[in-house]
């Protein structure tokens, strides 16, 4: 039910880790291997990252490689860019993706474009990590996904792990990639002690370094009746719904995109070709984003593949409300996913 | 840039006594509110601690210890003046006179809240007191310029007060705002609450200068640093800054060395900072009470009465919040557009 | 062949204006009517706006209502927000949309969300004007459209006039709107003396105030064979192509969206229902943006409406190159539009 | 903050003479380049003026008049040091030793250009000289910090020079960068070219302080303002700043009051500013030539020879550019990813 690379039985050398710990583990592996790798951002040192992304790293690597920064996102993301240009492999944390507005210029006009503008002569091998997502009443400025925004702007890869195995493998791939990679982790998949956890937020993760290829979607669950294309925390919701519907004779295939850029269009088309039914589940805003792109991918290939109108389940273009009952209907939760599946199947 | 020392209160002794009692009353009300929110925040987060659970979910940034800043500054304002605050906004909201019920109801996510439950504790917008705040560091400053601009254009002597923490003074918007306000002689008082920490990052690891008052000079405006977290020192510094702004003499900046008594947010284990027991007279509230009692401004009975009254007001507001209906999910997307 | 509101014959009271002049005309009308309207930004005073958006305004209204700002976009856009909250009607110019990265936080986390977060108690009636688009070799940081990015983020209307009549009418509507409106003008439709001009960049424009409703697309050309959904400068290219194809028996309908938010989905569906063929032309980046949204709009309504796979003509997710031959193939120019029309028609 | 006055050149008289000749040679080369680009830019924009036409289309920001800043600063650098410049980058690119042919070819949009024609004149990236620039105001500063950081980590004494205009000093990224560089003691020299104008906006309408050197103080670093647009004054100020950075003593800032002789960009009608005829000794190039001739460092014949040589170098580069192939449109999307 999880990703194809995950061994069916735990490998002998493995530990049960949360997604957060798996992410930090991947970073530590690479920091051991390559002295050019550093991690910088707000509260990534003694605090260990507000969402646990750097737990233990300061202890092992010290303050010259794990650096707390001032609240100056443009300056320190730019610092990462310059360091990457000069041969380092910086990982830079933007605490919440919601804060992109104070530093997007460094991200999209510099980090993402320098390689192109230089005609390939200058590489910017850096990783920009950032927390996304809602569900715990953090309101309109701390709950956004925004991956559609990052993915729309060319020149950066965008990865979005949903589970511990991918979190580690995609992190190692991201660090080794010669391109800028935006690594977006949903708070709800991190397995934090202080937040509601999906059981899949902890899993056996192989020790040592391994990679998950960036740009390949995973079939999180095979199924024959309907394709649910999704990512990040919504993968868990989709799997929960799929399990609930299976006994009712509805066999749901769940595609975990794992990255928006590159987008694995073949995986989408391949699955829809088999099922003929498409539901897209996306916690980001509905319009002008990922969900439309997935639907358009099918339609510009062959609208005849779809035996029914595609259905999108996303944030209805609404700032994330604070109050719980409001937030819960704005998020693409299990109830809305189930309704969409029934609708696309003509129920 | 200067560092102020406690002033001799101005005016008649009687008026002063009333003013000092008011400062104490404001501080007490803020503290009562923050304590009640803390209590109710933790009441139903268990077992363990789940940030998304309970009547008050989400991040919660409380301002206990920083009451002197809000009380000292806002004593000079009326509801016609604007205040823009931060992710840690309650003390300024209360000192500036926000209706406690609407504030509490918003924090409890109720339909009767300031923003009908849409905003939450970091997004309080009150047209009645021209109060707003933002969860994005330093980005509350720019809108304050616009309020000040409008007040100036309208030919009034209304002013805007813009608040941030010392961590925020390293964010670009902080500097852009100071420059533009100085350039256009806008009636703004910039307030920096230096509580020594930006979450876990100490001031020494974020800020290249000893005082943000020095940064006022970089934008051609007066800056002052108040060292003692004493409400009357803040009050005196603010008197000058507010008078300046009202008189059309442009903006100025006040940095106050204050203290956050609790964690950055509720649930912060604070592994990064030493015990506050080391900080002498760390809680400004009993300190000020002792001063006022010693000065004969209050008896202990008076002070207890103020505390009791504050507590009653707060509990009434919280009861109102709890009794209020939650918003109707059918209208979750209302208010995206006017 | 132009918008429905345009009188077929010039009204008695009208003048031939460029789009730039029509835009400034609309601003001037409202500034005369309402003292709360002000205009601020970089080089909007003596210079008259780098792309002519404010020509003549300083002379008529003086420096207290037409204000040059420092290069501090966060500060002065925020200033606009605060002034709007207190009852003014500021128009704030961001010189190029490409510069959004230095001030997006004020735009999307403040301007666009305050009304929602306040539960409707605080209005932000401001207009954010900004120049977009390429075609004159201004390279990767000065040629972007980025409307997909603005439209993805909820709480702001996004209008994109393609001609003088709409430029004036949409400006007046934007100023009178109680919501924040982002008004994006393509340099190539402004009719500037120093840039290649499409003949449609000048037209007769009624004197005095009139409005064009925000959220209603225009049928720029009626046709029966294929629907081209587009906006801004690409409307002109699409019309040029349509005229060239008409004698060959290909009858192209051109829909000028005029706004992304609200998106006139009915107009799209209505046209595609008639033609059965859809081409989307969008100068913004291809993926995760407007073009996908338009296609998805049809597919989630009824994929059966499409008699052939939809075709998108957009920037192929490439930073806009400087060198002319490179830029010309990255832009969705007439040749690519024509090829797309032929393709969707099975040619 | 101090204001420097022209220094007595240090070292042996002979070495000084060579150094002074080199400064003149650099300035002459820059001017020759800018004049040639201006000529070719205008050569085929007609009839009228169409910005998109001709062999060199698009915006063109030339730096004639600002040669002293680039020549004076870059004289202290080697190709191992980094420079990040602005939308007006040619003078720094040339002074820092960029290959003229690759530079010219990029401006002409050729496959042989620095960026294979992808970048254009505002986006010059040269790994050989660690040069880069950006068209976004003040946003060239932050990457310079990272280059300096890497140099520091590598245990070298290499430094980074970050350049902006005075208009840019009001942009948030400017301030964030100063603070972070000071805090981490990064080997950076910040250079502000104050040419009195940000497009049509005079310094007085953009900047609340008389000198941006005052802003260095707001971030705990030395700042100096050079008033006279004389290359040797700049050279002396830069000597100190560069030495400081190389010695691990951290960043500093130099503001130079310079002069843009031409429009903001080509095609700028400059209705907003008075005739430059009013500015005495406004062109630093003949002024410096006269000084060197008067001091016996150059004869008129020497100076003419330097001009001729510069011109030849430039024309060779431009001929190379014109002879080079345009990029293949089939590869327009190459280089988006590595």
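Order of writing sets the labels: A, B, C and D. Residues in every chain begin at 1.
One rule holds for everything that comes next: a residue touches a chain if its C-beta (ideal position, glycine included) is under 8 Å from a C-beta of that chain, and two chains touch if they have at least 3 such contacts.
As the structure is a prediction and not an experimental result, all values here were calculated from the model.
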{"item": "Touch-network distance, chain A to chain C, counted in steps", "value": "1"}
{"item": "Of all other chains, the one whose Cα centre sits farthest from chain D", "value": "B"}
{"item": "Gap in Å, rounded to a whole number, between the CA centres of chain D and chain C", "value": "36"}
{"item": "Centroid spacing, where centroids are CA-atom means, of chain A and chain D in whole angstrom", "value": "41"}
{"item": "Gap in Å, rounded to a whole number, between the CA centres of chain D and chain B", "value": "45"}
{"item": "Touching two or more other chains - residues of chain D", "value": "113, 115, 117-119, 123, 134, 136, 139, 170-173, 176, 179-180, 183, 205-207, 336"}
{"item": "Sites on chain A at which at least two other chains make contact", "value": "69-70, 72-74, 98-99, 101-102, 105-106, 109, 113, 116-117, 139-141, 154-155, 317-319, 321"}
{"item": "Interfacial residue positions of chain D with respect to chain B in the complex", "value": "170-176, 178-180, 182-183, 205-209, 214-215, 217-221"}
{"item": "Contact set on chain A toward chain C in their complex", "value": "74, 98-109, 112-113, 116-117, 139-141, 148-149, 151-155, 260-261, 263, 285, 287-293, 295-304, 306, 308-312, 317-319, 321"}
{"item": "Chain C-touching residues of chain B, taken from the complex the two chains share", "value": "82, 84, 113-119, 123, 125-127, 130, 132, 134, 136, 139, 141-151, 153, 160, 172-173, 176-177, 179-180, 183, 334-338"}
{"item": "Interface residues, chain A side, partner chain B - complex", "value": "42-43, 45-47, 50, 68-74, 98-99, 101-102, 135-142, 193-196, 316-319, 321-330"}
{"item": "Residues of chain C that touch chain B when the two form their complex", "value": "64, 69-70, 72-88, 90, 102, 105-106, 109-110, 113-123, 125, 154-155, 157, 178-179"}
